[in-house]
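In what follows, subunit A forms one complex with subunit B and a second complex with subunit C.
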Partner chain A sequence: METADRLGSGDRIELKFPARGDLIVLARLVTSAISARAGFDIEELEDLRLAVGELCLLTLQGSDAQHGDLHLELSVLGDAIEVVCTLERAQVATVPEPEGEEVARLSEQILDALVDEHGRESRDGSARAWLRKRRGGHAE
Partner chain B sequence: MDQEFHIEQREGSTPPVIAVRGEIDVATAPQLRESLHSVIAQGEGTIVLDLLEVTFLDSTALGVLVGALKRCRELGGELHIVVADPRIVKIFEITGLTSVFTIADSLESAGPA
Partner chain C sequence: MTEGREQDPGPLSGAAESDRPALDPVAREELITANLRLAQQLARRFLHRGEPFDDLVQVASVALVKSADRFDPDRGVDFAAFATRTIIGELKRHFRDKGWAVRASRRVQELYLELGHTTGTLVQQLGRNPTVAELAEATGASEEAVIEAIEAGQGYRAASIDASESEDDPLSARLGEVDGNFGSVEDRALLGPALATLPKREQSILHMRFVDGLTQSEIAAAVGVSQMHVSRLLSSSLQKLREGIGQAEAGRR
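The block that comes next holds the complex of A and B.
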């Protein structure tokens, strides 16, 4: 890859899309591209692609996915990438999703295994989840 | 998206084989759930799920598989998973599901006739 294509510390990319499960693939695609340009190897890139999908799912958990937007911010910070996913303008779902609790538990397990740090919070009708992964820094 | 999602039930196999291709995520997992439940509703307790051509799988897909496994076991059966791609196997491993499901790396070793 040409040096001009590389992303360096301090670079930040934002993506905003309607909070629909079928559009989470966009977050995964962008994550792959950004991770490659930030110097992550193919295995780390695959880990990040899966992890960011789970981050989006956790953010959507319990929300009304027919409304609101998912706002993704990917930042290169030194040898790490930080991804923050925020659900904006959504409402709490009235109908529980099938296997919802099980899926959230599995998402947490996947994030525990694939990234260095992650967390989530819900406040004033908006949900936010984040992760951080270093290049070559996370051993299972 | 490496491959278009596709799901089919193979004709004439015992136990029934459901084969999936492409990415199983929050958008496509409901189709997998519907297929599995449809077979289970016919009284089939044991199912072989062929994931050999699956290129991506997330927690939503795993949730569907765990739900289907419970239904299979209620009928005295089992949900056999066939998976060979190390990236997909890794997802089962990190979630501890390799000890929950019967996992084989080929259809022959999963045992359908």
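The block that comes next holds the complex of A and C.
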């Protein structure tokens, strides 16, 4: 049944919050609400919520997150949700710390298992990571 | 930029294990021991779904052992990456097998109802409306779960039969339609017995393709055969299923 609060292709929601690990819960909550409104089933919704948490962690790695913001853009594109997470106004380490890289690797491996595509980049003082997940499982 | 999706081990079927060379016991033991923390870290990621942590660690640890049994170092894939996909796949399968999705929906509804009662009690005790933290403590749920239940609960409010989402489309105008999912339920009832007649290996490949959503190439890598062979197996399995369903339908008439 179509409901008035459904999200459709082209809809985009943005969220910005202080880049702190304990606030990643905000990203997960918003992801749940958006996934439900975009027609994702509850298992896909849980996958997306877990994946967005990892995406935020990934973006925070190697940064001085004390002073930055995490900017999250969630877009409904056809039967997929795309999430882009950008760390703004923070000092991003030019030489990655080994421990941070280990955490980042785990997050990437988790994303491999949960979403269709993902990636990350770090340049010009900002870190950015993104993911895309389609409804109805991985497509060929 | 890093692209996702490396080699996917797929479900842990016996069919896949038999095609792989076994690691020597010492190397296998070392791989497992070195990655027990990984299994715990991954189990922890699934904690919010309401299963005991120990159970999740057990599922993840068994998956880790099976990963080591199925790992082929000659493929040039990092073991941790390989094991992570397997462990997450097994954790998800664990929830799926337990009918988690249905229970989760019910749990959210129940929590929403419980929050209504608890809020009333706390208002009397505190002389004011409770905070989310207080509701979480009183119900034993996490603050995140409480917020989600409140949010999801908006959808459970009883709606008037004439409440309209648009002026031209009152709810009452849409009652009495035949649910399109009935056909799907019937298809599943027919599919189950037909599926059970297929060899385990073919069941496993169908599961990887249509439940786990793996590509033919990924299945080929997991099972250790060519992509062409997977394609042929899928075609013949689907043909057998069609024939099995056809016979079942004919038998019911």
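Keep in mind that, in the parts below, the second predicted complex is superposed on the first by the 129 of 140 C-alpha atoms of A that agree within 3 Å, B and C clash if a C-alpha of one lies under 4 Å from a C-alpha of the other, contacts with A are read in each partner's own complex, and residues count from 1 in each chain.
We adopt the following convention: a contact is a pair of C-beta atoms (placed from the backbone, for glycine too) under 8 Å apart; a residue touches a chain by one contact, two chains touch by 3 or more.
Keep in mind that this is a model prediction, so the values were computed, not measured.
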item: Side-by-side fit of subunit B and subunit C on subunit A, or clash; value: clash
item: Subunit B versus subunit C as contact partner of A:Ala33, first or second or both or neither; value: second
item: First, second, both or neither for A:Leu106, with subunit B first and subunit C second; value: both
item: Touched partner set for A:Val25, first subunit B, second subunit C, both or neither; value: both
item: Subunit B or subunit C, by number of subunit A residues touched; value: C
item: Partner chain(s) touched by A:Ile81 [first = subunit B, second = subunit C, both, neither]; value: neither
item: Which superposed partner A:Leu50 touches (first subunit B, second subunit C, both, neither); value: both
item: First, second, both or neither for A:Leu72, with subunit B first and subunit C second; value: neither
item: Partner chain(s) touched by A:Glu117 [first = subunit B, second = subunit C, both, neither]; value: second
item: Subunit B versus subunit C as contact partner of A:Asp41, first or second or both or neither; value: second
item: Against subunit B, colliding segment of subunit C, chosen among 40-48, 148-156, 202-210 or 238-246; value: 40-48
item: Those residues of subunit A which subunit B touches in one complex and subunit C touches in the other; value: 25, 28-29, 46, 50, 106, 109-110, 112-114, 140
item: Touching residues on subunit A, where the partner in the complex is subunit C; value: 1-4, 25, 28-29, 32-33, 36, 41-43, 46-47, 50, 105-106, 108-121, 131, 136-140
item: List of subunit A residues in touch with subunit B within their complex; value: 21-22, 24-25, 28-29, 46, 49-50, 53-54, 57, 98-100, 102-104, 106-107, 109-110, 112-114, 140
item: Complex contact set, residues of subunit C against subunit A; value: 1-6, 8, 38, 41-42, 45-46, 49, 80-81, 84-85, 88-89, 92, 95-96, 100-101, 104-105, 143-144, 147-148, 151-152, 155, 165-166, 174, 211-216
item: Sites on subunit B touched by subunit A in the complex; value: 1, 23, 25-27, 33, 56, 58-60, 62-64, 66-67, 87, 91, 94-96
